[in-house]
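Residue numbering begins at 1 within each chain, and the chains themselves are lettered A, B and C in the order written.
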Amino acid sequence: MLKISTAPHLTTNRDTRALMTDVIIALIPAALVAVLFFGLAALKVILTAVAGCVLFEYLAGRYWFKTGNTTRDGSAVITGLLLAFNLPSSMPVLMILCGCFMAIVVAKLCYGGLGKNIFNPALVGRVFLFISFPVQMTTWPKPEFLNLWSFDAQTGATTLGILKHLDASTSATALVQGTSAESIPAYWQMFVGYTGGCLGEVSALALLIGFVYMLWRKVITWHIPFYYMATVFVITAVMWLLTKDVRYEPLTHLLSGGLILGAVFMATDYTTSPMTKNAQILYAVGCGVLTIVIRLWSAYPEGVSFAILIMNALVPLMDKYAKPRFYGSRR
Amino acid sequence: MTKLKTFRIGGIHPNKYKITTDSPIIDAGLPDIVTIPVKQHIGAPAKILVQKGDKVKVGTLLADADGIVSSDVHSSVSGEILKIEETEGEFGYLEKMITIKVEGDDWAPSINRSDDIIREIPFSAEEIIAKIREAGIVGMGGAGYPTPIKTTIPENRKIDFLIINGIECEPFLTADDRLMVEKAEQIVIGAKILNKALGIQNAIIAVDENKPHAVEILSRLSKSYIGVNVQVCATKYPQGGEKQLINAVTGREVPSGKLPADAGCIVQNVGTVNAVYEAVLKNKPLFERIVTVSGDACLHPANFRVRVGTPASFLIEKCGGLTENTAQVIFGGPMMGTSAFNINAPVTKLTSGILLLSDKLAHKAPAGDCIRCAKCVEVCPVGLQPFMIGRLVRAGMLEETREFHPLDCIECGCCAFTCPAHLPLLDYCKLAKAELKRKK
Amino acid sequence: MENIILLSILVLGGIALIASVILYFVSQKCAVEEDTRVAEIENLLPQANCGACGKAGCHDFAVACAAADAKTFSNLFCPVGGASVMGKIAALLGYQTTAKEPTLAVLRCNGTCQNAPAKIIYDGIDSCRIAAGISSGQSGCPNGCLRLGDCVKVCKFGALSINPQTGIPVVDEEKCTSCGACVKTCPRGLFEIRPRGRDGNRVYVACRNTQKGALARKNCAVACIGCMKCTKINPEITVADNLSYIPAGVSADQYGEALVKACPTGAIVCTGKQTPEEKAHD
């Protein structure tokens, strides 16, 4: 018997799973760098987060939401990887699992699963941990190249933490050890990732390799990462030129903290980013502005997570009102 | 290298599968019986002029255009009319068709059957349009809009561009490609005829870069014909769409809900242009066309010159028959064509291809959940938001889709092709269209 | 310290005052005057908002009732609520109601998977309208049921369901309110609102195929072939386009059995009464 179906009769073989696999591949360089600089402790965090996310997705989907096994599409693996990338390597296992639960069950499945969540699950998990366990979340082991057994590494401040302290130092409070302007890492250190911070965010190089891979595989377009990073760069550059203050150094802002990780992997999350080009640009610029506002004028040294989460909430609105011009409509 | 022209928004690059690019056009021969539908065009069905039992020759007028938007239908074979009745068509619905038993191959004497190329155009614009009308020529790209209406320009419009569409962006199909290679000079002269009919100086033959052979031959020829130029375009689907081609070649846009003439453009398919040449200079009505028979389940893919009314199954037999792994038979291209319910349905003036697809290619994976990847928005050549239309249709909010302009959809299928969740976005869009048209 | 408390009270109080003044004027300006009876009528209505009455919803219908005079009121009818609801509304407004015979939706096709076997596999979305656009349907009957359940989706009362054995929809007589949503939705126009009949006895032609006899039978065993035999039993029955139509006026009690017996293909269906075969079966 012949089949009949509606056009088009050909479809792409790039299904959801294939796209997610490409994102996972793009995340691998950053994971390698994390293990290289933070040792097996980093590997432990990554594996715990991925396993936790997949497990929660499976259990909750099967026994609570009755949506069946949705782990096959690979999105839980990405959430796990991204969550791990947002944690310091000294994070205790149970806390990571708490974050996984928040990310997968509360931020994703409660909204209806993949494609229906409003907020980026990994970021919800991270922010939850950040607010619940602030001490553990801001204890940054110092990177040690190829020292795999680094479970009790020395700790230090992140670049953005140093900038924040410089802020305080102007008002003549005591300087914290190792937070003077001289202790800001060199650009090359920040670029390859030889600096303190969360697992995945330290190496700009590894993240950019992932970015190029995703562009080449057409997983994402360049718009959101470019406009996000460009906004941060332009605002800090203007302020730096005006004040010549080391706190506004644009390249430091670009390379430090979670900016590149956020811009390339978090802000471009399919589900929680806008659908139309206009809205995507608006969203990326909004993320950039909020990041800088939080970094420079709030109590937190880093603002990428909050900036993206705030902009996530505005996505439906932007999708509705930033419609693109369609072919043949009046100019 | 300069950047090749293409349309501004969206588009996809599906696998080309142009298996038959180098297969020369061969004559399909005559079947025992042909069934000729009286409606092979947009508009009113033609009025039947013949009766059961009449003897007809190749090129005899069978049915006369009924009104302005309609077209003549000619006999494609010589023989006896067996019956004139409702017959099961391609979709399984009944259509009025004239069934003719083939006896010999006796052509009407008025048709010039020689292969000589005539280069003089001794007719006025009105005479040309009259000849096009008499030959029953319709847009052979697939839309089937009667050509004489398209070439008659209303007083208040000015046409700046005549674009000859040699893009053929659908995978598998090579009928236009072969026609351009083998009948290049006829097409160029046909373009000159249309220039004269439209009263303009310049025709642009648009060919995409994946047809180097056709580009080379046409470019060489166009040097010796003033007023015919070749424009090479980048390969991208759906560049062969009228609106997309206008945008690619001229940078203009057809206003929403208007005709190409409103943008000062006329687009004609190369097949149509060849038919115009034959009609005007050889007195040959439109009763045969080039059909690609191909597909991954087809044993011997080929390009055929086929008489209108030939059953599709006759051509499929010629190519090795319906193989075991054939899951679908497609009339037209795989992106916009229709799957056949009845493979004995006849080839019409609009059938550009017959494809046998295996389950591997034609398989429709079960639809998942939208992951909001925005790929449908990215690829839509009209710049619509198919995901939103789909979401509203799924929620039963058909009326609310209006603000997302489904009526501007050209049904190219880019959205459904590219959707990683395999959502039938085009179907949703069609549902919204049908509802909005009903309410209008 | 006192200053702060005083200032807070003043600021907050001031904001409250200004807001209340604005709210007062807005509510005055934007107030909608409505017939008080509208709300009462609305309370009587079933609140299904199905649109079967021809209005946009129950509220709209209530407005129309309140605005109607005795004459125009007789044109208004809520098929879902039926005579009892209309009686209550009429009592409220002080009008007379005209009795209406209870009705239900009837599927005029018996093209089950058994009677009209599939010739082709439909591989697409569950939408009759889409399927009708690309083919005459799995069975090949250009007028028959497409078995994809557009009617089921549109029924707000859960009165329709696809019988998995036959593939065609079944009307639940208890639940059907004859709102007519299925009539409007079916791309083949297979549903008809007919009187329920005494004791549920109805007789109708379960076929809409307009093809000539032989063609119709090719696709479906129980197609109407327009043989005119039924017209001989009751002259009210008409045959047009090779298709017979039994008007609602033809009594099922009186003619039902004879019509079913006369029909050579079994296209005529008589409900309520047992067919001879069923009797034998019992």
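One rule holds in what follows: a contact is a pair of C-beta atoms (placed from the backbone, for glycine too) under 8 Å apart; a residue touches a chain by one contact, two chains touch by 3 or more.
Not measured: the values here are computed from a predicted model.
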Review point. With chains as vertices joined when they touch, what's the shape: line, ring, star, complete or other?
Key: complete
Point to revise | Geometric centre: closest chain by C-alpha means | key: B
Review point. At what distance in angstrom does the C-alpha mean of subunit C lie from that of subunit B?
Key: 42
Review point. Where the centres are mean C-alpha positions, what is the separation of subunit A from subunit C, in Å?
Key: 53
**Study point:** Inter-chain centre distance, subunit A versus subunit B - centres from mean C-alpha coordinates, in Å
**Key:** 49
Study note, to complete from the structure: Multi-chain touching residues of subunit B, meaning two or more other chains, are 338-339, 341, 362, 364, 424, 427, 430
Exercise for review: Quick one: which residues in subunit A touch 2 or more of the other chains?
Suggested key: 2-6
Point to revise | subunit C, residues touching no fewer than two other chains | key: 119-120, 123-125, 130, 133-135
Exercise for review: Note which residues of subunit A are touching subunit B in the complex, please.
Suggested key: 2-12, 14-16, 18-19, 73, 75, 113-116, 221, 270-277, 280, 319, 323-330
Study note, to complete from the structure: Residue set of subunit C touching subunit B in the complex reads 119-120, 123-125, 127, 129-130, 133-137, 140, 142, 153, 211, 215
Practice item. Could you pull out which subunit A residues touch subunit C in their complex? Key: 1-6
Revision key, fill the gap. Residue positions on subunit B within touch of subunit C in the complex are 86, 88, 91-94, 338-339, 341, 362, 364, 367, 396, 424, 427-428, 430-431, 434
Study note, to complete from the structure: In their shared complex, subunit A is touched by residues of subunit B numbered 9, 14-15, 171, 243, 247, 253-258, 326-330, 334-341, 343, 357, 359, 361-362, 364-365, 368-374, 377-378, 381-385, 387-388, 404-405, 408, 411, 413, 416-422, 424, 426-427, 430
